[in-house]
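Okay, so subunit A shows up in both of these, paired with subunit B first and subunit C after.
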Partner chain A sequence: MAAQLFFNGLVTGLLLALPALALTLVFGVLKFANFAVGSMMTLGAYAAWVANYHFKMPLVTSAVIAAVVVALTAAITNTLVFERLRDRGAIVLLVASMGVSLVIENICRFLFGNNAQGFDVLVSRPIRWMGVRINSEQIMTAAVVIVCLVVLDVVLRLTPLGRAMRAVADNAALAAVRGVERRVIATLTWMIVGGLLGLAGTLAGLDRAIDPLMGWNYQIPIFAAAILGGLGSPLGAVIGALVIGIAEEMSALIIPTNYRQAVSFTAILLLLLFRANGLLGAKAVRK
Partner chain B sequence: MSAYLTTIAILVCEAALIGLALNLQWGLAGLVNFGVVGFVAVGAYATALLSPLVGWLPAMLIAAALSALLSGGLALLSIRLEENYLAIVTIGFGEVVRLVLLNEDWLTKGALGIADISRPFSELGVASGNDIAFLLFSIALVGLSFLLLEGLARAPFGRAIRAIRDDPTVSSALGKPVLALRVRAFAIGGAIMGLAGALHAFYLTYIDPSQFTPIVTAYAFMAVIAGGRGSNIGLLLGAGSIMALLEGTRFLKDFISIIDGTQLSALRLALIGVGIILLLIFRPQGLVSEPKRFERDVFPRANERTP
Partner chain C sequence: MTAATLPALSVSGLRAGYGHGADIVRGIDFDLPPESIVAVIGPNGSGKSSFVKTLAGLLDVRAGSVSVTGQDVTHETPARRVAAGLAYVPQEANVFPSLSIRENLKLATEFLRGRAGVGAERQEHVLSLFPDLALRMRTRAGDLSGGQRQMLAFASALLANPEVLLLDEPSAGLSPKFVEQTMEAIARVRAAGVTVLLVEQNVAAALKIADEVAVLVAGHLTLRTEAKLVDHTALGELFFAKVA
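Then we have the complex of A and B:
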């Protein structure tokens, strides 16, 4: 039982890792908490669902389409909204991102209604390995996330784009002096973030039903994961996501499953009280 | 028709109360509260559960006190932290309140909700007279809260929290107790949100968790942004125009047959989001910008001494 829960938690954590990374990247490079992460996941899930269900595409193609759709949406949102409010401080951007979240969620609701939808995939028999049931969706989730993490790590550490992103995150003015265009980097960051969220939405749609509130329900665990790792730290976000995922699933052993969602909230509270910089240490959390 | 107008007027009163409270917390004190709905729900449930036991007025007061206590506590936990963190903590609070309402059947009757909440002035007889009396009561409540908050905004307390909003470091260097003032602002806001919840419970006489979604929070932010952060008069205008707009669009359902009810409500919410974004970009000061207060407003005779 415990082993099964631990394994499920590991997969949930991997699933959370992508949006947590998306949140932390925006926070690191653009210095505000993007409350539209959840709704962008929802959008990704619906984009993949339309491709898969209406156009009968295989799931892999649908996931790629979802990533592209959300990446473009994120870049457009940046140009239309966030870039215009850039100088107005973190709180204004935060409230604006909440507005964006409301818009995206309700466009999905307008187009697809409140009913839960699911992908058109064959249900396969789970594999048993050392007493743990593993289903094919879980294998797929783990594989996709791990590939994403490796690619992202390479991009951030080794490519000129990654170097430029880290430079803007460290000191935007200094980066500008060295000829790094903040605007271009911001747009590219949003496209990467959108791609991650589109994939995450597709994976989340495999895990549970797709409805307009799907992403919103992930919002608190995502923030918990990113805060746990220290906002702005990509590696921290991944570790934080694994810890939160495992804690959420394992909590079924001690508290009623109805209160699973409260686990992340409690984790956030405890962290802010006792280790406000996150596990790997972020900058200036306290005022 | 007049019943419909009464309904709108009472809903505007509720929105105005919530907006006034958020205007104190976010507009004046600069503290983001994305968990508005949680405090309103606590107020509504406390009122519904207590009013059969202790009567409506004590129930309302206890509801306000409970909301104030919870928001003060939450503020203590998180207010020293940067605004991003306060935002997520308050969202989390809202969600936890919803979980408790849904799952603690013994207290809240879960998803079924609490029905037959008796409204004050129901002894006044016929249903329509009862509605008017309740409307007057709601307006009185908004008026009192407005006077209280406007008084606070003009008082030294208001100046201190605005100073903290604009620059906490300077304020604390000037000896202002930053944390204590912030907690107080948050708690007062919480109390008024609790009162709004009480109004909600009394008016609908039936409450369930589905009435308390994050949308309530979005409306409140829209009202504050539209009215003008920091301006209580602007807020009343903002809350009024938004509720009128929202309720007005409910009529559209009868005229437009292409889209169904779900789509119409989705459209309305998307418009709220668009409204928030457009106002932030094009009219950040809102309808009525925050009143600039000068030395002579505070010390009327200051100019006479220095000709």
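Then we have the complex of A and C:
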């Protein structure tokens, strides 16, 4: 039982890692907490569902389409909303992201209704490994997330775009006088963030029913993961996501499963009280 | 005017300030002769740093114009000004602390599309000016001392092969030994053909290497003279004079 819960928690943690990374990238590079992460995941799930269910595309193709749709939506939202409010400060941007979240959620509701939807995929028999039941959706989730994490790590550490993103996160004004166009980097950051959220939405749609509030169910664990890891630290976001995912699942051993989100709330509360910079935040935030 | 006689930097009627507040830079006219060092000095709060930030494009121009070797950059972004030949080293936070020395140096050129002379040869030349950096390329900039950071900041700016280098109080917070090294480095930079605008609180150090001195008081340029002709008593009076 405990091994099964641990494994489920690991997969949940990996699923949380993508949106937690998206949240931490926006916070690091653009300096505000994006409350629209959940709704962008929802949009990704619906985009993938339309491709998969209505156009009969394979799930992998649908996931790519979802990533592209959310990446473009994020870039357009940046141009129409966030870029215009950039000089008003982090609180205004945070509130604006709440507005963006409500708009996206209600567009989904208007277009697809309130009924729960699901992907058109074959149900396969789970495999058993050392007493742990592993289904194909969990394997796919783990594989996609691990590939994304490796690719993102390479982009951030080894490419000019990654260096520019880290430079803007360090000091946007200095990056500007080193020839980096902040606006271009902001747009590309939003596209990467959108891509991650589109994929995360698709994977979340494999895990649970797709409805307009789907993303909200992940919002608290995503924030808990990013804060636990230290907002602004990509590695911290991944570690935080794994810890929160495992803690939420393992909590079923001692509390009813309906209350498992209490784990994330408690984590946020304790972190804000005793270690606001999170696990790796001291290095990542304090310069 | 021929290219040879064009000022490296030309500023006309420049006014700038923060947000909706009053002007901090209040109508400055200023030319920088090619391959010279001009020190801009003045009391605290006189607008020196705001002036140089405006030139770098970090503060919006409210009136007037800025051109680099004849090219108008008044409404260009900071990044485009670098591509036009205007490099800037801020007073503080002048390196990216989470990036290594190598990454700081790489970043200084990889977004300068269209800027001539920023290749590998340039990097070799710049590293020859700051040999200490070449020995520790993998060190995080955040782990460097103040003087080493200053050298990295100079090197990063110089990699852009600038016509004009804007330096905002490079001696601030440095030990006397490092101040001397910094001033020597600036002199070497000028010798390599770069025009330098040096904003400095340490007047004595600035006067040692500058060709000319400009005094800024309350956002106005109140004196411009050759460095060797500076009358220290008159300078003191200017520093404490009340400007309307």
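By our rule, the second predicted complex is superposed on the first by the 281 of 287 C-alpha atoms of A that agree within 3 Å, B and C clash if a C-alpha of one lies under 4 Å from a C-alpha of the other, contacts with A are read in each partner's own complex, and residues count from 1 in each chain.
Assume a residue touches a chain if its C-beta (ideal position, glycine included) is under 8 Å from a C-beta of that chain, and two chains touch if they have at least 3 such contacts.
What you see is a predicted model; the values in this text were computed from it and never measured.
J.: If we overlay the two complexes on their shared chain A, which of subunit B and subunit C does A:174 touch? Say first, second, both or neither.
T.: A:174: touches subunit C, not subunit B.
J.: Quick check on the superposed pair: does A:164 touch subunit B, subunit C, both, or neither? Answer first, second, both or neither.
T.: So A:164 only meets subunit C here.
J.: For A:81, select first, second, both or neither according to whether it touches subunit B, subunit C, the two together, or no partner.
T.: Only subunit B; A:81 stays clear of subunit C.
J.: With both structures placed on chain A, which of the two partners, subunit B or subunit C, ends up touching more residues of subunit A?
T.: Between subunit B and subunit C, the winner on subunit A residue contacts is B.
J.: Touching A:91, do we find subunit B (first), subunit C (second), both, or neither?
T.: A:91: touches subunit B, not subunit C.
J.: Is A:133 contacted by the first partner subunit B, the second partner subunit C, both or neither?
T.: Neither subunit B nor subunit C is touched by A:133.
J.: Kindly classify A:208 by the partners it touches after superposition: subunit B alone (first), subunit C alone (second), both, or neither?
T.: A:208 sits against neither subunit B nor subunit C.
J.: For subunit A, which residues lie in the overlap of the subunit B contacts and the subunit C contacts?
T.: Touching subunit B and subunit C on subunit A: residues 284, 287.
J.: Okay, in this complex, where on subunit B does subunit A touch?
T.: Residues 30, 32, 34, 77-78, 80-85, 87-89, 91-93, 95-96, 99, 102-103, 168, 214, 218, 221, 225, 259, 262-263, 266-267, 269-270, 272-277, 280-281, 284.
J.: Given the complex with subunit B, which residues does subunit A contribute to the contact?
T.: Within the complex, subunit A touches subunit B at residues 27, 32-33, 35, 81, 84-85, 88, 90-92, 94-96, 98-103, 105-107, 109-110, 113-114, 212, 216, 219-220, 223, 227, 231, 256, 258-259, 261-262, 264-265, 268-269, 272-273, 276, 284-287.
J.: Within their complex, state which residues of subunit C touch subunit A.
T.: By the definition above, subunit C touches subunit A via 56-58, 77-79, 81-83, 87-88, 90, 93-99, 103, 106-112, 142, 156, 160.
J.: Flag every residue of subunit A that touches subunit C in the complex, lowest number first.
T.: Result: residues 160, 163-164, 166-167, 169-171, 173-182, 284, 287 of subunit A touch subunit C.
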